[in-house]
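Common to both upcoming complexes is subunit A, partnered first by subunit B, then by subunit C.
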Partner chain A sequence: MIKLYDYELSGNCYKLRLLMSFLGLEHEAEPIDFYPGNQHKSPEFRQINPLGQLPVIDDEGLVLRDAQAILVYLASKYDTSENWYPSSDPAILGQVSQWLAFADGITTTASAARLHDAMFYTQIDVDVARAGANKLFRILDEHLYFAELDGQDWICPGDHPTIADIACFPYIMLSEEGGVSRMDYPAIRRWTDRFKRIPGFVVMSGVFPAGPAVEKEAERAA
Partner chain B sequence: MTTDLQRNWYPIASSSDLPKRHVYQAQLLGREFAVWRADDGNVNVWENRCLHRGVRLSIGINDGHELKCQYHGWRYANRTAGCTYIPAHPADAPARTICNNTYPTQEAYGLVWTGEEATGDVPALDGFADATVLRPIPLNATTDMVSEALVGYKWNESCLGFANADGSVTVSDSNGVSIRFFIQPTDSHRSVIRGIVNSSLSGDARKDALKRHSWLLQELRDQVEAAASQKEMPAPYEPVIARVAEDLVNIPAIREDGPAADLRVTVAEKEMTADDILKVRFESIKGGLPTFQPGAHIDVHLQNGLIRQYSLTNGPGETDHYTIGVKRDPNSRGGSVAIHDDVKKGDVLAISAPRNNFPLRRDAVHTILIAGGIGVTPMIAMARALNVQGLSFEFHYFVQGESHIAFSQEISEFENAISYHMGLSPEETGKKLGEVLSEPGHARHVYVCGPGPMLDATRKTAADQGWADACVHFEYFKNENEVDDSGSFEIDLARSALTLTVNDGQSILEVLRDNGINMPSSCELGACGTCQCGVIEGDVLHQDVYLTDEEKAANKSIMTCVSRAKSKRLILDI
Partner chain C sequence: MKCEDKVLLNDWHVVADLANLSKGSNHSTNLFGKAINVSLDADGNVTCTKDGKPLTCQLKYGFVWTCLGEPSRDILHVPEAFEDDRFVVSGGSFAVKTSGLRVVENFLDMGHFPFVHTGWLGEEPHTEVKPYEVELTEDNEIIATECYFSQPVASPTAEGAIDVEYVYRVYRPFTVALYKTNPHYDDRMDYIVLFIQPVGPEDCVVHNMLCYIKNGMSEASLRWFMQLIFAQDKPILENQVPRRLPLDPRAETPIRADKVAILYRRWLRDQQVNYGAIAAA
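And now, the complex of A and B:
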């Protein structure tokens, strides 16, 4: 079984929990005390990941670090429909990769601001982190506004969400914990509603579920 | 204090920002709003906080009819913003005063407008009847700085801009293209540019225009923000959030005695929904209608002076009207016949605000609704609420025959849950009830409304088959018991420090009224529960059909319209 070195409040670990839930993949979690225990910097953990970062997976002996890399690996290996990582279409693949890199930028800004506010990472310049997050959110909001105009629900073209959506979602959804409001990003806010309605969606602390969409409100009476 | 700015209408969203089942977050002059469109198209602009713990409602759930807070699940109705359900008090109807602040709202020119104290209509814009709404651009700068920059906005060399008296900016080119820019003052130092173009573009032309202006306006934004960052920005607005509703702050006016009829409504529709059953739709003459919950009834004051109670059949979020069902009663004392024969479409009637003495729990694992004949009306409202929330329920409708089935249109919303039991004899009805009630269990609840004998049978069957009293909820149309009003006794009013005598032939309610004590009432027959009063000491002769046997035995409350004292004296909590 896949082992996930996990921290409950980590948005990067949440990305993997999301994908595994969407794919119906079972996993076992090995909790790492990131805060306040700082266990990810311990000598024991640095033998698993010399960068001293979460998440890490161990899939039958293959040890991988970096949330985006693990998304690529899990989707390629376990999603036979190729919906989540459409690797046969170079144009889509390029766009997915582009937004995976963008998600890394969200981590270094929005997630950093959250670490500062919620987990006392006082060495982080929170103003710089927030400004950086807002700059990225402006770009994504415009992208999603024009995607909607083309009838496209997700970050990349196609009828199905991709791992790019998963990679961007957690630290956007948690941004208010770092003092970054999403009020100015209505297209992002609508996209997060759609994301939460993907079958198999799970929450984490600080992320609330969405209500049913219009078309889903069918016959439900007993 | 109201300022001129608060009297203005401002656009706070594009209409396309409000898809169904979404909650949009907005801010105007520092005040935050939760904005949501119900499935009936109505746009709600509310204070962005739950009345319970102040959590933002913009993270809540729009179920198409109500907005639910994420924190403790308080639900608020479309349009009225009144609280309809509190999960921590599942057996109670929330007080009508639990109502969020709502703000004036209009949708025009593809934009959603509001203003804290705005009145009248959104200003008419000549030449923008067919408009294209540009992508809104939020920016960190004062409206003055934004206005100044927009006057110089150019998409080609011929562009000429000027500021309008209302604070908006118009830019036109020599080809007849004109854009009106509204500047939403989000806060003292934050704004949103909302532009509309004077023609209805479509397809690629629309997309090109939207992209072009999104780009140009973002360029303008970056310049304005760079300038703003060099300047001292004004302090943020500090909007005052009203803590409680005004009618709680002010002492209410002294009310006339008797059943209150605070509302004036018109009969908007009147049609037969089944043999002998009339469906009547009331709409408000002025302003909105108060919030109702499933199970609620209203008093209808008829032109002939009679007052009658009718349950609302409305579904959740249907807050722009009240609909009732009225059966022509051959033994009518004048109420049902008057509505059938004399009330006409367009008539104005006085009604009371809804009262809910038959609240619906929404924490049941499974709910069984049982309706007999015209008793279907409160059940319709309950079924619609359960259905919208996706809660498990079944609906048993005992009815004479197919032509007697009322509210088929409403029933079609929950077709899978309904079973019709047609033309059964009393014995067959009893047997069927036995089957329906065969499985009591944890968090299973029964609600029943119908003719007296059927209610009695349902309650007896339920009790015999092991249902707890607290899980069987009922509402009688009327009290068919003979009421004994003989004998005299004293009542001590603990809060009012008064001792009064109720004489032979008088009711407690009458004596209270004669002595200037205001007591709400409705049916005055011991059926509706409105004139309930707490009992501190003394034995009560219960003659109502509202309280359960358990409640009657507890001797803690009394229906003052019909019940009396067994003892010489009653001490009442009033």
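And now, the complex of A and C:
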């Protein structure tokens, strides 16, 4: 079984829990005491990931780090429909990769601001982190707005969400914990609402499900 | 807002969790809006200063405590912290953008379990808070008893849903604890206490100490569970408006389930605690 070195409050670990839940893939979680224990920086954990970062998976002996890389791996190996990582279309593949890199930018800005505000990561320049997050949110909001005009629901063109949506979702959804409001990004807010209604969606602490009333309405409309 | 509440200024408050301090390090924080520096030297001695001048300071339960005035009482004694068969650990300190008094009130509230801690501490449609008892003790503490709630996953070692009994206890304005059924014992309870640091009137750091019976449990799973639950509360707390706790009985309409909160607000009024509050008209 896939083993996930996990921390409940990590948005990057949450990305993998989301994909595995969407795919109906079972896993075993090994909780790492990220805060306040700093276990991910311990010599023992650096044997598993020399960068001292979460998440890491171990799939039958293949040890992989980096949330985006693991999304690519899991989708390629376990999603036979190729919906989540449409690797046969070069244009889509390029776009998915582009937004996976963008998601890393969300981590270094929105997630950093959250660590600063809640967990005493005082070495982070929170104003720079928040400004960076707002810049990225503006770009994604515009992108999603024009995608909606084209009848598209997701970050990359197609009828199905991709791992790019998964990679961008967590730290956008948790941004208020770092003092970054989503008030000015209506297309992002509509997209997060759609995301929460993907079958198999699970929450993490700090993320709440879409309201049941809205779900029922969506069922009626469908 | 300047703190002028004697009962608060002459009391001990946590300003750092030792788990966050490495030897030879400095930690800057605030207490009642005053900048405090906490440092831990290579020998493990801790000092607290304000404006470069030393403050009275103690280490207890793995936390650094200080007092801005003259301490009128000791740091709270928690007997559970001295029982050998319990883990005594910090679940991790978290900064929360609201008044610490709001955090106390949320901690005392069972009504939010099914909605905020869905699938863990409660589940719809079992949303009713059954009547419970509240009293003010001779030691000027608030105790709520006979609090029962059915919980899908009540603790890191729970196997399936159980009916949980809680006892809530407010010792001091920013110190609140609960005792909770341990799934493996009929006669012993797990214990959680929050030592809330009033950083500003609308900002706090929630420090917590977990005294859980070790049987079948690991420290890592204990921390995991505490953080899972607390991080569900955090966005709710930070979106409550106003951020200060209104003490006027007409300010926010209570329901029967808020019996303990009603007493808490009255008790704060009676002790003239206004920091982090909106005073009654």
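Everything that follows uses one rule, which is that the second predicted complex is superposed on the first by the 211 of 222 C-alpha atoms of A that agree within 3 Å, B and C clash if a C-alpha of one lies under 4 Å from a C-alpha of the other, contacts with A are read in each partner's own complex, and residues count from 1 in each chain.
Note that in this section a contact is a pair of C-beta atoms (placed from the backbone, for glycine too) under 8 Å apart; a residue touches a chain by one contact, two chains touch by 3 or more.
Remember, it's a predicted structure, so these values are computed and weren't measured experimentally.
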Subunit C versus subunit B, contacts on subunit A by residue: B
Subunit B versus subunit C as contact partner of A:F120, first or second or both or neither: second
First, second, both or neither for A:P31, with subunit B first and subunit C second: second
Which superposed partner A:E142 touches (first subunit B, second subunit C, both, neither): first
On subunit A, positions contacted by subunit B and by subunit C: 208-209
Touching residues on subunit B, where the partner in the complex is subunit A: 13, 17, 19-22, 24-27, 32, 39, 58-59, 61-64, 68, 70, 135-136, 138, 192, 207, 210-211, 214, 218, 366, 383, 386-388, 390, 392-394, 414-417
Residues of subunit A that touch subunit B when the two form their complex: 138, 142, 145-146, 149-150, 182-184, 186, 189-190, 193, 208-214, 217, 219-222
In the complex with subunit A, residue positions of subunit C that touch it: 17, 19-20, 27-28, 90, 92-97, 118, 219-221, 223-224, 227-232, 234-235, 238
Subunit A to subunit C touching residues, read off their complex: 8-9, 31-33, 35-37, 117-120, 122, 176-177, 204-206, 208-209
